[in-house]
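Each of the next two complexes has chain A plus one more chain, namely chain B in the first and chain C in the second.
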Partner chain A sequence: MHSFGFRANAVLTFGITILAFICAMASVSDNFNSPRPSAEIQILNINWFQKQHGNDEASLTMNITADLQSLFTWNTKQVFVFIAAEYETPKNALNQVSLWDAIIPAKEHAKFWVQTANKYRFVDQGNNLRGKHFNLTLHWHVMPKTGKMFANKLVIPGYRLPEEYR
Partner chain B sequence: MDWQGQKVAEQLMQLLLLASAVMAFVTGYIMGSFQTMILIYAGGVVLTALIVVPNWPCFNRHPLRWLDPLEAEKHPKPPPPPPVASKKSKAKK
Partner chain C sequence: MGWVRKTVDSVKSLQVKQVLLRAISLAMVFTSGLILWKALMCMTGTTSPVVVSGSMEPSFKRGDALFLYKNKDPIRAGDIVVFNVKGQDVPIVHRVIEVHEQQSNGEIKLLTKGDANDMDDRFLYARGQLWLKPQHIMGRAVGLLPYAGWVTIVMTEKPVLQYILVGAVGLLFLTSKD
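Moving on, here comes the complex of A and B:
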């Protein structure tokens, strides 16, 4: 029974079992990383703010500064980030509208500065946006090479839309 | 490969694979490079396969010693049975 093929099979199966184990260990090692990301979002301008087909819609220009380098470990493939406007209306306790997103492919690109208009439309379900206080929340999903995906967010409060359409 | 060789080959395989896995993980973690880990481990698996899979002469240093064929000579093999007619099974069908 101890033939060439038998030994080749044994090396391969045991080798792959150990490979799975070290990949699992790499995923476990991600837990020792305690990231301290920082972000700052400035609303430079409300470009326009109107009621269209019964729903309020706004267009903003934002200045996004972020340092997400501490999210990267040796087991990180990429990081997906998006900014959501979050606010409360009488109908829904939490409304989340995605305004901008990006994929950060490497640690070298994780410290960045962008000035951009909202990439996705900021539309409310209804017309509750006039004078509305809202948060801009930076969400991120850390996508590892192997193992568990991590997600977290940074809430930046204190933004307000104008009282009148413009 | 003889019995002793099989035992040595099996233990050598486990030891080499585990050692290369530990080395790969530690190096990869310290260097912060997942790719380095995979490359070192792949090298370890190839090396292990080269050492353990072929039937190297060093695994054949303990050949089995069979007893002399005394008994077989005392009881010679019976002559082969006479040939049987093989038409029967066909005819039945």
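Moving on, here comes the complex of A and C:
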């Protein structure tokens, strides 16, 4: 009962059990955080709007202001934030196309203002984008150091693409 | 080096019946652990794969263990999904960046990309495949446990360690004085 092997085994098992318990508690503590994030997205310009290889594609420049500081807890590793354009077409009930994303590594960087063109291509499955009304949704995914991930979004409706290609 | 001689002595003094009994109780310990683990996975609907590549850094590092959950909720942009490409063993953990859901039949087409990659995953899909379908998805990542997967990675990449570990545990149990 007192050999090196048994002692090592006991220490290891106990140690790992305690570690797992601490990780679970850290994750549970995240539930006590009530975040109040806010964001605003302005489309400054539609740079171009063409039909490429049979599919509509648009390029736009956005002004993004956000305050996501309340999402951070002591158990937060980073927050992954991205903007998706959501719209409906006759063929598809839902289309979600990611236009831009960023990683916020710390609370200090969570209040930001960014002016950027779309990082990823805004391409439709077809030619349905002329005059299209669409929403811009700002999604955030809180990646913890350990445990459960939280995700939510802010839907900003009321954007529209031009009627004609340019 | 006294313990080496003690171990060698105890190996020499083993009888067949004793060895068999010990081996069976060892096997019982392993299998009951396995049964418990698999039953938990079955009941909660989760699985726990290990992250082996760095394409989702800094969110997921190599060696982290993920908790996957699969339910009937439709997959939406931003979800982190685990999928297998036809013909590949290693599952891929990436984020969904595009979703197109058809009106007529509810069929969903997905496009994924690793956070740390510049390009989307089309180069990973099978030849001629442009989109992923929900049936290719093993589950959605809902949580993580850092560093918990390193044991699995080391065992898979250096199989000789598996034999050493099983051999050492076996020797320990078979030669214990209890």
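Methods note: the second predicted complex is superposed on the first by the 157 of 166 C-alpha atoms of A that agree within 3 Å, B and C clash if a C-alpha of one lies under 4 Å from a C-alpha of the other, contacts with A are read in each partner's own complex, and residues count from 1 in each chain.
Note that in this section contacts are C-beta pairs under 8 Å (C-beta built on N, C-alpha and C of every residue); 3 or more make two chains touch, one makes a residue touch a chain.
Predicted model, so just to flag it, every value in this text is computed and none were measured.
Legend: residue contacts after superposition of the two complexes on their common chain; A:69 is shown touching neither chain B nor chain C.
Judged by the touch definition given at the top, the superposed model places A:145 against both chain B and chain C. When the two complexes are overlaid on their common chain A, residue A:118 makes contact with neither chain B nor chain C. With both structures placed on the common chain, the touch criterion links A:4 to chain B and to chain C. With both complexes superposed, C is the one of chain B and chain C in contact with more chain A residues.
When the shared chain is aligned, chain C comes close enough to touch A:78, but chain B does not. Once the two complexes are overlaid on the shared chain, A:128 sits clear of chain B and of chain C alike. With both structures placed on the common chain, the touch criterion links A:21 to chain B but leaves chain C unconnected.
Annotation: chain A residues 4, 145 touch chain B in one complex and chain C in the other. Contacts from chain A toward chain B in the complex involve residues 2, 4, 7-8, 10-12, 14-15, 18-19, 21-22, 25-26, 29, 73-75, 145.
Per the touch definition, chain A reaches chain C in the complex via residues 1, 3-6, 20, 23, 27, 77-78, 80, 82, 84, 90-98, 101, 103, 105, 120, 125, 139, 141, 143-149, 151, 153. Of all residues in chain B, only 1, 6, 9-10, 13-14, 17-18, 21, 24-25, 28-29, 31-34, 37, 41, 45, 48-49, 52-55 touch chain A in the complex they form.
Residues of chain C that touch chain A in their complex: 3, 58-59, 76-78, 80, 95, 97-104, 106, 109, 115, 120, 141-146, 172, 176-178.
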